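Each of the next two complexes has subunit A plus one more chain, namely subunit B in the first and subunit C in the second.
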Partner chain A sequence: MSTTVAPRRPAAPAAPTPPSGGLTWRQRLGIWDFRYSPYLYISPFFVLFGIVGLFPLVYTFWVSLHEWSLIGGKGEFVGLGNYTQVIAQDNFWVGLRNTFSIFLLSGVTQTLGALLLAAVLNQNIRAKTFWRMGVLLPFVVAPVAVGVIFSKMFADQAGLINTLLEGVGLPSVGWHSDVLASHVAIATMVNFRWTGYVTLIFLAAMQAIPKELYEAAMIDGAGRVRQFLSVTVPMLRPTIIFVVITATIGGLQIFDEPRVFDQAGQGGSSRQWMTVTMYIYELGWGAQQSFGRAAAVSWILFLIIIGVGVLNYLLTRRIATGETTRTRTTPAAAPLVGTVPAGTAPAAATTAPVSDPPPTRTGKDPS
Partner chain B sequence: MSTDPMVVGTAGTKAGKAAARARARRRRSATSNRPGWLTYAIMAVVLMLSAYPLYYSFLLGSSDAVSIAQTPVPSLIPEGNFLENATRVISSDIKFWPALLNSIIAATVTAASVVFFATLAGFAFSKLRFRGRGPLLVFLIATMAIPTQLSVVPLFILMAELGWTGRLEAVIVPGMVTAFGVFWMTQYLESALPYELIEAGRVDGCSMLRTFWHIVMPAARPAAAMLGLFTFIGSWTAFFWPFIVLGSANPTLPVSIQLLQASYFKDYSLILAGVTIAAAPLIILFLFAGRQLVAGVMQGAVKG
Partner chain C sequence: MRRRLALARISTFAAVGLVLAGCGGDAEGDDTAEGGGTAEGGDITLTVATFNEFGYEDLVADYEEANPGVTVELKKAATANEARDNILTRLAAGSGLSDVEAVEVDWLPQLKQYPDQWVDLGDESVEGRWLDWKVEQATTTDGALIGYGTDIGPEAICYRADLLEDAGLPSEREEVADWLGDTWEDYFAAGREFQEASDVPWMESAGAIYQAMVNQVEFAYEDTDGTVIATENPEVREMYDQVLAASEEGLSAHLAQWSDDWTTSFQRDGFATMVCPSWMLGVIEGNAAEVEGWDIADTFPGGGGNWGGSFLTVPTQSEHPEEAKALAAWLTAPEQQIRAFQSKGTFPSQNEALESEVLADTTNEFFNGAPTGEIFSARAEAVTVVPFKGPMYAAVNDAIQQALGRVDVDQTDDPESSWATFVNDVEALG
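Take a look at the complex of A and B:
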């Protein structure tokens, strides 16, 4: 848009602007520039979100009310027919069970593991960056790659894990044939990729806890465990809530790892590890090719995720607050927003006395 | 420096010396409160757990089907078949070179585009005044909580209408600007970009776009680099949507890994050689930029 050049530069004489009375076009352009540019700058996000985010979300509901196939396109209106049909399927419930099981197995161990690991890293250790990079390494590996690697490690016959188990005298496990075992294996993949990441988020938040709190706790005779439970965990509350909620949103949509847990990608012979998102894929792009039903399941999962997200928020808030309600009275306002900058720089943005916008900047041309 | 200038300035030299002494004491205790061997042992185990599966992939990728079947726990010294397996991967029908090219293009374009548009919007949200700024920002942040993966059906219909199924645009365009990116840049510019600089630009007669280009962009560079890095990784590792919309005809690397696994499931030396090749670029990137990634996560990067 704006091709205005700094007026001092004589390099753009193409459009002569007589400085006669009234506003010149250039001045007018300057005002427009100042007034409307902000909207122009933020518009890419809102336009794109409208097209690939908001519209599809609403349209999913519309599709779910119709017969709608991958090839044939839109058919007749069936109301909630797709929903009732899907709910009557065993596979839907199996998928839901598997998704929740995997989500709980990975979410709980990941959060607890990351908390402990962050506490270990939060000490005054040598070569800090090296260890931090070490825990983050798996994050750069694609979930599909992780899935393929672990599916081999967790092979039922002649797999690495089973051989090691037998080596120490334990029975081998049917990692693919057994329902719960397959969930454990997939949760392990998820944890492999994410635990280090979450650890660093927790670590950043831990470093922001004022040292005085620990000193006070020490004077009160609190040991290290007690300090961790009574100072660290309550102070991390917003961060824990944030991590749990993002883990919920991501975890309930899990697809990549279970998709490649075997080469067929159906979630096992009796759908031991088929997740809801895999079911959506199968309904829409598998044998049925029913976009209507796939959309119906998408909407159900969407509502579930919102529900579980809210539930988790309330739950973590209660648990993490626990006994130390008095120590912290910060309002839980904007749990998602306020906690994102768990650590240093953006956190400083909210706490440090940022030079607040001077009142002169009121959308009017300063000249 | 032996005295604390802050303290000296406010309370005289004596207090400064006392502060210096206190600092020295703290430094001494800083070395004495180093944790014991147990901490390092734990960290070493964790490091092994995060590195071994990748090494395992390389080990099996350097092996062959027979030896994999015979020794479930591979020797830590790789066998010499990696190049041979890699050649087989490349010449197999998973379209290795197109997939690699697709991944490079998609990740690069997406990262560049996200950085540009997010910085632009972040500039507006953090430093410019306009009606509706607050509510729009709240709306933007709220969209991050929407599980967008669930709108694949209409998104696919849309792409089919556009004739983009099987084409790279379908993967690139929906990710060209993200709510997280905008939020991230807003947060950063809020604190890193002084108003004085923008004012100076305006006094000199810069247009908004010139201000953005010559003042905001340079100031945003550290955060922009991190955002670019994370976006690149996110795009490189994405599977669900490329899998649906591209399919096997015109895959990205993760899609072709899945193809590899589906078609050569009897020979894991081949599959894991492919996995290793596909993972290698980001692991190498990590060796150089890992420090920045750690800093980025700790400054509040959000999950995918």
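Take a look at the complex of A and C:
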């Protein structure tokens, strides 16, 4: 808001003739330029978004209201018939269950794992660049290649993982036959590919955290764990929100990995690992060739993702603000600050900012 | 980036496809005027789309030489599924198909639903060229022939002679053929006999055998009018129970075909026998490299059987349907198919080619020098039943294969409740 209001004020004095009727053409152009040009400059994005984002979205909704076949094209208008039809299918709910299960298994471990990995990489270790690039290496591998390799490792009878398990005396796991085991296997593939990527995002954000905060915390007597929880995590709040939301959007649309987990690509005999996107594909391009139903499921998925995205945002916000409030209101902070100057006088100068750290500011403003 | 890709994917699925589906029809007419080829009588370019290996590379050069003014462009898709998705998408779009499109028998029924999209290739000059059942597969209910047959997949039984010998059973090709008998019950009985003397499972899985059995039933899942009868058809239930009973007796290795476990099992005495169409020989040889003892018995339980094979079709989208038809007819003529067979091993479907000396003299070293040409020609002639495959065939078959997989491969369900799920799945297709 402030950006649009601010330029207007200088614009008015720029035109000395008070009533609008008395403006010259040139002056008027100047005002328009001032007022509307910014919108013109950012319009390519919105135009493009309208064509490749919004239009398909709306059109998909239109399709979902009709009987619509892959080849035959548009049929009768059925209203919400496609929606009620797919909601009544067991496979739809199985797909939803699998999607959420795989998403939670991969999303949670990925975010936590990446956070820890980034914290380690952020330390002063030898051959930094080597390690940092190393974690990104799996990301370069094509998802389908990952799928093919991992589905060999997770083969039920002769797979590497089961051979290892049996080697140490554990029972072998039905990676393809068991529901949860298949989800764990697929989540592993996803994590293999994505943890490194997320780690680098976290690492970049961590490097932007001012060193003074850590120095101050150190002087306050905070250990590594306490520093991580009370400085790093609150400072990463915007990044965590970003990562969680993108992970949600991607995780709920997972397709490649489960699709190549076996040769048939239908998610197993009991649909153990069939995700919603695989179900969409099956509806539209499988035997039913029903774009109407596929579009209906696409829209349901879209709404679910928005719902979960909002929920995520609220949760992460709450957790992150919770963290900062703790640092802010923690009674330990004041005595600590108080005790430090007693020890070393010069340190007091560096400690001073701690009583007013940036996280407190970011935490205060919105609430 | 997965996130972007995922988003893009949704839009590709939901939008682009639909946009194409929506407006493709009208665009068709305008396209013809500005198409790739030039005017009548001038030079024309024909595109031929195939998948996997059809062995047409050298043939195309010869055709161009014999027909000045015709340039042939080959487009190869890596897999049959890729080719199918491509055809369906462009069919929906109303443009973009090649002049000659190769189609696999499994998804031919899907395409037969739209007879007006395909040029009727029926012609006196090609009458009697193919095995009758091959022609029948590509004939629509109105009697139009929409595809010229290329190759077929007649089925025999491949077996591990060394394992049979160890079990004190017949292992010579002819003896085994006799011992296996003529019906599936005989085949399972032979399996029980083998199982008494060996720890190796008799067959890969219940699903693999079921697949062979159902291909010998004329009306398994649908009536000619399209009614789905799969769940009430006693024949289907009988076969289902029969293969699962065999599995319960321990004859099955519980290996889903094409799975990683299945591929690995060739190297570790996974099973003793398997149903093998002519094109499976290459697969076995690849998976079982260094393993000695594979052989082929010239027999097939329950009468002959066919698995796979392809056709060349000409879409009505083609700007040069006459020329495309002539090219397809030439490519599928016996002489050319024999050459394709020599180059890539695609087993010919033409009567004359099946009797050719080249075919008769073909043997396979890996399979103990078995006369594969002779065996599979005999197997092709033994095929009597052409299963009726309507639009729902593939989907119902997937559902029952999953039902079998739950019991036999995953072992997470019992036959009764798995059947109930199958019935549910079939109803959901409606």
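In the analysis below, the second predicted complex is superposed on the first by the 275 of 367 C-alpha atoms of A that agree within 3 Å, B and C clash if a C-alpha of one lies under 4 Å from a C-alpha of the other, contacts with A are read in each partner's own complex, and residues count from 1 in each chain.
Here is the rule we use: a contact is a pair of C-beta atoms (placed from the backbone, for glycine too) under 8 Å apart; a residue touches a chain by one contact, two chains touch by 3 or more.
This one's a predicted model, so the numbers in the text were calculated from it and none came from an experiment.
In the superposed pair of complexes, A:90 makes contact with subunit C only, with no contact to subunit B. In the superposition on chain A, contact is made by A:48 with subunit B only, not with subunit C.
Shared-chain residue A:59: touches subunit B and subunit C both. In the superposition on chain A, A:268 makes contact with subunit C only, while subunit B stays out of contact range. By the touch criterion defined above, A:81 lies against neither subunit B nor subunit C after alignment on the C-alpha atoms of chain A. When the two complexes are overlaid on their common chain A, residue A:160 makes contact with subunit B while staying clear of subunit C. By the touch criterion stated above, A:246 is placed in contact with subunit B and with subunit C alike. Greater residue coverage of subunit A by touch, when subunit B is weighed against subunit C, goes to B. With both structures placed on the common chain, the touch criterion links A:174 to subunit C but leaves subunit B unconnected.
Within subunit A, the residues touching subunit B in one complex and subunit C in the other are 52-53, 55-57, 59-60, 63, 143, 151-152, 155, 158-159, 194, 246, 249-250, 253, 255-256, 263-264, 277, 280-281, 284-285, 291, 294-295, 298, 301-302.
Taken in their complex, subunit C has these residues touching subunit A: 2-3, 6-7, 9-11, 13-19, 21-22, 24-25, 85, 88, 91-92, 110, 113-114, 254-261, 264-265, 268, 391-392, 394-395, 398, 401-403, 405-406, 409-413, 421, 424-425, 428-429.
Residues 52-53, 55-57, 59-60, 63, 68, 70-71, 73-74, 89-91, 143, 151-152, 155-159, 174, 176-178, 193-194, 246, 249-250, 253-256, 262-264, 266, 268-270, 272, 277, 280-281, 284-289, 291, 294-295, 298, 301-302 of subunit A touch subunit C in their complex. By the touch criterion given at the top, residues 1-8, 30, 33-35, 37-39, 41-42, 44-46, 48-49, 51-53, 55-57, 59-60, 63, 117, 120-121, 123-126, 129, 131-146, 148-153, 155, 158-160, 162-164, 192, 194, 196-197, 200-201, 203-204, 245-247, 249-250, 252-253, 255-256, 259-260, 263-265, 277, 280-281, 284-285, 291, 294-295, 298-299, 301-302, 305, 309, 336-337, 340-349, 352, 354-355, 357-358, 361-363, 366 of subunit A touch subunit B in their complex.
Those residues of subunit B that touch subunit A in the shared complex are 30, 33-35, 39-40, 42-43, 46-47, 49-51, 53-54, 56-57, 60, 69, 72-74, 117-118, 120-121, 123-125, 127-131, 133, 136, 140-141, 143-158, 173-174, 176-179, 182-184, 187-188, 190-191, 194-195, 199, 202, 204-210, 212, 223, 233, 236-240, 243-244, 253-254, 257-258, 261-262, 265, 268, 271-272, 275, 278-279, 282-283, 285-286, 290-291, 293-294, 297-300, 302-304.
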